[in-house]
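In the two assemblies presented below, subunit A is common to both, partnered first by subunit B and then by subunit C.
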Partner chain A sequence: QVSAALKEGHVSPTELCQRCLSLIKSTKLLNAYITVAEETALKQAEESEKRYRRGQPLGVLDGIPIAVKDNFNTAGIETTCASNMLKGYVSPYNATVVQKLLDQGAVLLGKTNLDEFAMGSGSTDGVFGPVRNPWSYSRQYKEKSASKAHSEDKESNWVITGGSSGGSAAAVSSFTCFAALGSDTGGSTRNPAAHCGVVGLKPTYGLISRHGLIPLVNSMDVPGILTRCVDDAAVVLGSLAGHDPKDSTTIQDNFKPFELPSLTDVSKLSIGIPKEYHAPGLSSEILALWSKAADLFKNAGAKVIEVSLPHTRYSIVCYHVLCTAEVASNMARFDGLEYGHRSDMNKSTESMYAATRREGFNDVVRGRILSGNYFLLKQNYENYFIKAQKVRRLIANDFVKVFGSGVDVLLTPTTLTDAVPYMEFIKEDNRTRSAQDDILTQAANMAGLPAISVPTALSERGLPVGFQFIGRSFQEKQLLTVAKWFEKQVKFPMIQLEEVKRHDHNAFQHQKSASFS
Partner chain B sequence: WVPVVGLEIHAQISSNSKLFSGSQVQFAAPPNSLVSFFDASLPGTLPVLNRRCVEAAVMTALALNCSINKKSLFDRKHYFYADLPAGYQITQQRVPIAVNGSLSYSLCIDNKMSQMVTKTVRIKQIQLEQDSGKSLHDDTRSQTLVDLNRAGVGLMEVVMEPDMCCGEEAAAAVRELQLILQTLGSSQAVMAEGQLRVDANVSVHHPGEPYGARTEVKNINSIRFLARAVDYEIQRQIEELENGGTILNETRAFDSKLGCTVPMRDKEGKQDYRFMPEPNLPPLILYDAKSLPANMNHQQVVNIDWIHGRLPDLPSVKRTKLVEQYGILPEHSFTLLNEDGLTEFFENVVKQTQMKPKKVIGWILKDLLSYLKQHSLTVKERRGLLITTVVKQNPVSSLILADLLNLLEKKEISSTAAKQVLAELWKGEGKTPLEIVKEKKLELIQDQKELEQICQTVIDGQENEVMAIKAGNQKVLNKLIGLVQRETQGRSNPVMVKQLLEKKLSE
Partner chain C sequence: QKVTVEMLDHLEHLALVDFRDAEGVERLQKAIQFADQLHEVNTDGVEPMDSVLEDRCLYLREDDVTEGNCTNELLKNAREKVEEYFVAPPGNIPLPKLEERETFLQRS
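Now for the complex of A and B:
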């Protein structure tokens, strides 16, 4: 819609850009952005404006303000991964996905906050502080929490965004941008999307280039897309997908961007409900919503069946071994020699390495490096790494069997509960939290499958709950078509933020107002 | 004692760009001027395999009779060092590109190059891997300077099984490998430029007993040093064991000045490299004519059979052809191939002279080669090239030598005279052989009558000898021939002189 508005001249790219920039300033409390690239964004907006005046916009994304998670390389703009190791690091090149967006005329507003090096499920463990979920300040949440004890400081009641792409999710959710890039290794795009009430798409591994995405787990990472509606996600996907010679893990086949059909008849669809996803810790509220979601499909004539993915319960442990092993390897390059933080310790090269890495990495990162190195030791390799690879194959095969039996798409919750307050979240350590929170999203990364979280309803506390669809490899069109139908049915309510009300945002609202449940 | 020698050889692949990135491969460029983002390990960069490097490895594998693994894998080998920016090297540990080959090489039994024996060493495997950068330690300023130009250059690691028994064998095997690589063009294999690096694994044991502990010898900078290092290490181990000591499983560096090996301080304890599959590179798939899918783009794949069909003649084949074509001895063919450009030179001379190749070869291998060695020159012909560097050039071109040999063949000069002319040519004063001959009056006397006269004079002056000859002592004839030679200042053809003398004496 906003693209149409730009085209027709109802609003100009520079106006749009400025509004977003000022909204970023007024929502600073959320701490969604690490770096705001005001000057370059305005320049890009000006260029876009010139193109629109000439009647030659580059495409749907021309002039659209976007944000990018701070683990993507952006030339000339600081890329920190929310770590001391890369504070002040200005990359000389753009990640392929960033370049593609820029080539389409998108306006890059800034880099969003995350857990350090994307390790975490809360966006709370970065050196620039935690990200606050915009819904903490929504009327919906405040109303529901008004009944709580007043002696509690309102401030400390705020809830987390989920992670690790929390900054991107918050940015999209609070209207400071129209789309944002995240990354997804164990659920890092879908998890915050669910908690912040936005759409979070994890594409099939190999569909979108990882060149320029600072890796966490090379064999599972994908760039993730966060938007306010499924159609937008399809548009962004269309501009990003496709083979990149700079990334040897992208598939060679030609990718054709698609427009999503508006599905009316779902009678030919087969929806699978994996019983293992009824995991311990799943709130009764979400369980009930899951049932309602399944009924939506049933009542519309789709076939809804229970399926089994028997190796689901091993995925956490398997992920832990493979993830930490790759982390240990990927972080080996941070030695302070070529770029990034370098310690003042100069007694010897080794001591400089040790001090640099101790100073540059937080406990979470260091913990994973140590674990990973342990698993890669010669005496452990067979028992841990190789075993985990085998289990990974079993998990992936579970999906192959289920999809092979005629199921088109799986429907599961995205998270176990709605967003928890920050003060509660930090009571457990990062590893425990990650292990708990990733359980519903991780298997899709293990199997390389596409998955999307769609905002579904508000919880009793007034916070968003999202549901996840997992699709067949490279069948994003089918996946998104189903997601779009679902989105239309549930009519998730728009967030009602004080700050946002002050700005006239009628021109760019994508959500319908009625709510579901 | 039975010495056992194996070799690990790293050959830098001759390619325009590096193994996984597009930066250039060049020797002696300004420091850190050939470093791409990937080489510097900037976060977010990914490796992209260089096709040319794969082809070079396949060529080499074929030339060494290896089985080529149609599916090979890449791995990460982790260790921290200043010249390894990523903290790991990408190599092929689990499944290398080729295995189980062999290399045949020849040795002279004695030192006279007259009897050669052929030996074979098994090639365990060939793998593709990245080269590291270079670090220079400046102890006075307590700093290390790192140059990443070499980081990421493609290497072929060739592992030779411990089938060799001494320095000479190791040197010969490496020399042959070097020739093969240079012929294929897969590596320039110049040791002085670091394009060929050799580490030797040496151990000794008594026949019938299990193999002894082995040491790894590094820092060997030439083929000659290789032979010396290996022989020294064998001796050292034997002495140590005979004195009741033990051999440590260690790494030693060869000190070329002292001619011995010393322990290297770097390696304390065993390193665990924490090998892990390289997740950013899919398995390397190679095809042959049978397995190539019909619709596959020829540009996109490496076809083993296609490469096989385009292999040039390997050194062993070249030698056989030389022997067949020119009738020279096998030992000759070895020397020809061993010296850079000598074969071409020889063939050029043969083309331009009437002298038979069997005779030409003697001039090339004895006279010319010894001069070249004395003055440390190479014989590479440079036609029409502007020489900008002050490099001493071989003044005896193939044309000039051919001219000289023609004079000899036409019997215008004697072979002694020819050697004199050659010595003069070496001064490089630009004179032609004919000019020198005229200048020094080295022409053979062609005038029959003049020769007859001189012969007669000599006969007349040597009554006793004449009588001895007439009495049947033919050996004395040589003395007369010698006297004629002296009279003519070496300008007489000994064959003709002999004929004339004999004729006269029988009158």
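Now for the complex of A and C:
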């Protein structure tokens, strides 16, 4: 919608950019952004305006304000990964996905907050502080907590965004941008998408280039897309997907961007409900919603069957081993010599490396590096690392079997509960939380499959609940078509932001009408 | 089984990060315990999986230089440099042994 508005001149790119920038300022409390690139954004908006005046916009994304998670390299803009290790690091290049968006004329507003090095499921463990879920300040949430909250409690009642792409999710959810990039290794795009009431797409591994995305787990990382509706996600996907010679893990098949059809007949669809996803800790509320979601498909004539992915419960353990092992390797590049933080210690190379790393990394990162090194020791390699790789194959095969039996798409909850208050979340440590929260999203990364979280309904506490669709490898079109149909059926309510955004309700009506396509 | 101090020291050497405190050590203990659940799974005859794209051929570029000459750009982010060199402190000096290092592990 906003793209059409830009084309017809109802609003100009610079106006749009300025509104977003001022909205970012007034929603500072959310702490969604680490860096706001005001000057460059305005310049980009001006360039876009010139193109629109000539009647030559680059495409649907021309002039659209976007945000990028701070673990993507952005030329000339600080890239920190929310860590002391990279504070002050100004990227000398653009990640391929960033470059592609800029080439389409998108306006890069800034870098969003995350858990340090994308390790975590709450966006609470970065050095710039936690991200606050915009829904904490919504009328819907406040109405439900009115009975319990006193005015002193209100401040500390805010809920987390989920993670680790929490900043990106919060940015899209609070209307400060129209789309954002996240990353997804264990659910890091889908988890915050569900908690913030936005669409979170994890593409098939190998579809979108990881060049420039600071790596966590090379065999599972993918860039993630966060938008306010499924159609928008398809548009962004269209501009990002495809082979990149700079990332040899991208497949060479030709990718054709697609527009999503509006499905009217779902009778030929087969929806699978994996019973193991009824995991311990799943709230009764979400269980009930799951049933309702399945009924939506049933009543429309689709085939809905229960399926089994027997190794689901080992997915998180497997992830734990493979992730820490790859992290131990990937984090070895941070030694202070070429970029990033460097300690003053200079007695020897090794002691400088050690001091730099103890100063630069937080507990979570150091913990994972040490665990990873343990699992990679010669005496443990076979029993832990290789073992985990074998279990990985079993998990991937589970999906192959299910999809091979005629199921088109799987339907599962994205999270176990709605967003918890920050004060409660921090009572457990990062690893425990990640292990709990990633349970429903992790397996898709193990198997490299595409998955999308679609905002479905509000919980009893007035917070968003999202449901996840998992599709076949490289069948994003089918996956998104089903997701779009579902989105239409559930009619998820728009967030009614209050306190955080004190200005000008009316002026933002344009942006509030959600989508840009 | 608890992890020995020698093992912890060995890991600190390999990783070049520190455990910092009892919590850090406890974290490793719990991580190992958690990972031990893997042994419940029967993986007889199963091949390890390195990548989900294992059935495809990796793309290799032609061995031609197409970009580069960005020395200045890259040196910008280094703290210590001389002309076109990154400067490192003297190498080949091993990390001090446990008794001589300032590390939490000394006290255990």
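In the analysis below, the second predicted complex is superposed on the first by the 495 of 517 C-alpha atoms of A that agree within 3 Å, B and C clash if a C-alpha of one lies under 4 Å from a C-alpha of the other, contacts with A are read in each partner's own complex, and residues count from 1 in each chain.
The rule is short, and it goes like this: a residue touches a chain if its C-beta (ideal position, glycine included) is under 8 Å from a C-beta of that chain, and two chains touch if they have at least 3 such contacts.
Keep in mind that this is a model prediction, so the values were computed, not measured.
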| item | value |
| --- | --- |
| Which superposed partner A:L337 touches (first subunit B, second subunit C, both, neither) | both |
| Contacts of A:E350 with subunit B and subunit C, given as first, second, both or neither | both |
| First, second, both or neither for A:C318, with subunit B first and subunit C second | second |
| Partner chain in contact with A:V172 - subunit B first, subunit C second, else both or neither | neither |
| Between subunit B and subunit C, more extensive residue contact with subunit A | C |
| Which superposed partner A:P245 touches (first subunit B, second subunit C, both, neither) | both |
| First, second, both or neither for A:F361, with subunit B first and subunit C second | second |
| First, second, both or neither for A:I160, with subunit B first and subunit C second | neither |
| Contacts of A:K387 with subunit B and subunit C, given as first, second, both or neither | second |
| Which superposed partner A:H211 touches (first subunit B, second subunit C, both, neither) | first |
| Contact residues common to both interfaces of subunit A (with subunit B and with subunit C) | 92, 219, 245, 248-249, 328, 335, 337-339, 346, 349-350, 353, 373 |
| Complex contact set, residues of subunit C against subunit A | 3, 7, 11-12, 14-20, 23-24, 27-28, 30-32, 34-35, 37-41, 43, 46-53, 56, 58-61, 70, 73-74, 76-80, 86, 88-91, 93-96 |
| Subunit A to subunit B touching residues, read off their complex | 72-73, 79, 81, 86, 91-93, 95, 210-215, 217-219, 245-249, 325-326, 328-329, 331-335, 337-339, 346, 349-350, 353, 373, 376-378, 381, 385 |
| Complex contact set, residues of subunit A against subunit C | 89-90, 92, 205-206, 219, 243, 245, 248-252, 311, 314, 317-318, 320-321, 324, 328, 335-340, 342, 345-354, 357-358, 361, 363, 366-367, 369-375, 383-384, 386-394, 396, 429, 431, 435, 447-448, 473 |
| Touching residues on subunit B, where the partner in the complex is subunit A | 37, 40-49, 76, 78, 80, 82, 85-88, 142, 144, 146, 272, 274-276, 279-282 |
